[in-house]
């Protein structure tokens, strides 16, 4: 569709409002949630349209949720999970990794850019990295444009 | 159990191109167990299809339903009301389920969403392998419990071919030679002498599948 | 959508009765210490020891590194407190064959020394099976090159007399450390301990190591003591080279302790004996036990998880604890610390007489379960099994489905569930719900 490189039509003196991507961030309660809270306490800059979904372990995130988030209006989906070998429930982040791989394959078939889904490994004290990653992802998604598969 | 694999996505999209409202019907039995078409994998496929169609500007409405099985008449009929609301059905059950639906809904297009591949065993979680080809006359007693019809590439009945090498098959190097397995197991059971008994050639036409769909009728059970 | 990550309605979580009964596998110093402490609190303890005697790996130990007491005497006292009867029952020559059930209803099947089977129903299980060692792989003829355990024995037997080995006097000994298992520091501790004793007997001692890590409590002092008594220490990067001479064994090592490269000469140490620590290995019997207990092993088959989220003596299953060398080979004081930690954890679990499961808890909808075993295989806490849920194994036509028509399905034990939700995400029939 080439939306990303379509020129924005300009009305004299009034540019069109730029596209602000919607990001759904699944946050593992052992790492993502504390990091999110730290980012909030430190009043770090974060993207505007951000939805945080806390989960007890990243292993709780079904492959279906990753796609449903995109279907339901997200332009990008991010999963904040503990570092490998640091999962409190041993296997969760490992299972999640396989599911993200599978979801990316499906996204390829649908025609969605695989960058719209990404895992970020972090620890409880990674508030700064949390915010920085989200800002980076928002920039990347701005370039990619809105999710062409979303239905909401 | 019956094992199946989801059909290539592009193929499914092609089947569904003419429609804008379909039913995706899953099955709670075999395809659930091999993660090809139960509620979870059905929902995943539905979501992917919706997004793919949205992406090309031709939205597709998908209703989802997963009866416990699709191969009994009562289960097929469970879907009657929903089928009345759609233009076609994508069934991710095995071929049996698809055809049960076809028989009960003669005026509805029913499409297969999975390829029914084989009757198989779970080797490890996530890995399944063919074990039985439903030949109709089981010879497992003679072959120490390893089936040469399903597991020998040449379906040999009286020993390995000359290509069996280091216990592996010459057709597919990763595959164990079925007759090696039969030999090893016969040996550990102390039954090597059984291998001298000749197993006659299968009567594919008369006793097996080469003369049309087979049928079992239990007169004592019929209502 | 994903708002159903947690189901908002609650489920009744019945407390699980926990009797004051513990099963300890392994009758070494860790198992015995845990038994003694728990028994003092009125817990009924059964020790299952595969050998004919108690003591485990510490039977090779004679000297503590941090106090002048004798290990064997200390252990003898410990054993006699156990054999006083009361709350402790010791089964020697016995092995655990099976453990069924979950917290609150463990069923342990034990094969006793007379070949019979005994069933116990402990509330907690403690694994303290120790580790195994492989002898030194040094010189081809094993001449003048002995292991740490043999040196310990020589020292104990020599009492106040000068040291002798195979009838010959021993005046000089070189210890070589860190050839294998460089993450385990037991040999460092033992070597320095033995070096101090040997120096006091008038021997000249050298210790050659890659890494002189003395991070165990009391070791800084012991090291200092060793230096003051004249023990020589050398550090190497490339492993030392051993060779036999007519009257001794020579160890050649490039000494890395000098700061300047030019001063790092190759030093040749000629001694009567060389001591090399035995290699620690994963015990295949412990591996088998892990399979029976459904415990997860980490890298190299060791029980220790290199995971900071995991408290030291906890296993992946609620109600099963690990301590001592089976978890990770460590010095005696550390093993005993772990024993005490296990006692604390067991007390905490048993003191109320019941365990009340806490949300989040997952539950299987038996009507949707296809009994595919996916959740059973993937639960990291072995909390799921396939059991008959109803009394009959019937299938009902869909129109008649109701609460009472159940059939064989997977079941999650609430007392064993950790609420991670992995099973919920893996279930191909989406039959599992996580309750909050």
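Note that the chains take the letters A, B and C in the order they are written out, and that residue 1 is the start of every chain.
Methods note: contacts are C-beta pairs under 8 Å (C-beta built on N, C-alpha and C of every residue); 3 or more make two chains touch, one makes a residue touch a chain.
Here the structure is a predicted model, which means the values were calculated and not measured.
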Discussion item. I'd like the most central chain, judged by C-alpha centroids against the all-protein C-alpha centroid.
Written reply: C
Worksheet entry | Selected pair, greater C-beta contact count between A-B and A-C | A-C
Worksheet entry | Distance between the centres, which are taken as Cα means, of subunit C and subunit B, whole angstrom | 47
Item to complete: Quick one: report the Å distance separating subunit A from subunit C, using the average Cα coordinate of each chain.
Response: 41
Worksheet entry | Intercentroid distance (Cα basis), subunit B paired with subunit A, Å | 38
Worksheet entry | Interface hub residues of subunit A, defined as touching at least two other chains | 62-63, 68
Discussion item. Among all residues of subunit B, which ones touch two or more of the remaining chains?
Written reply: 40, 43
Practice prompt. Mark out which residues of subunit C touch at least two other chains, giving numbers and ranges.
Written response: 378
Worksheet item: Within the complex, which stretch of subunit B touches subunit A?
Response: 9-10, 40, 43-44, 47-48, 50-52, 54-56, 59
Response to the item:
In the complex, the residues of subunit A that touch subunit B are 1, 62-64, 67-68, 70-71, 106, 109-112, 148-151
Worksheet item: If you look only at subunit C, which of its residues touch subunit A in the complex?
Response: 1-2, 5, 296, 305-310, 316, 360, 378, 380-381, 418-422, 424-426, 434
Worksheet item: Where on subunit A does subunit C make contact in their complex?
Response: 30, 53, 55-57, 59-63, 65, 68-69, 72, 82, 85-92, 95, 99
Worksheet entry | Residue ranges of subunit C in contact with subunit B within the complex | 368, 370, 372-374, 377-378, 397-399, 427-431
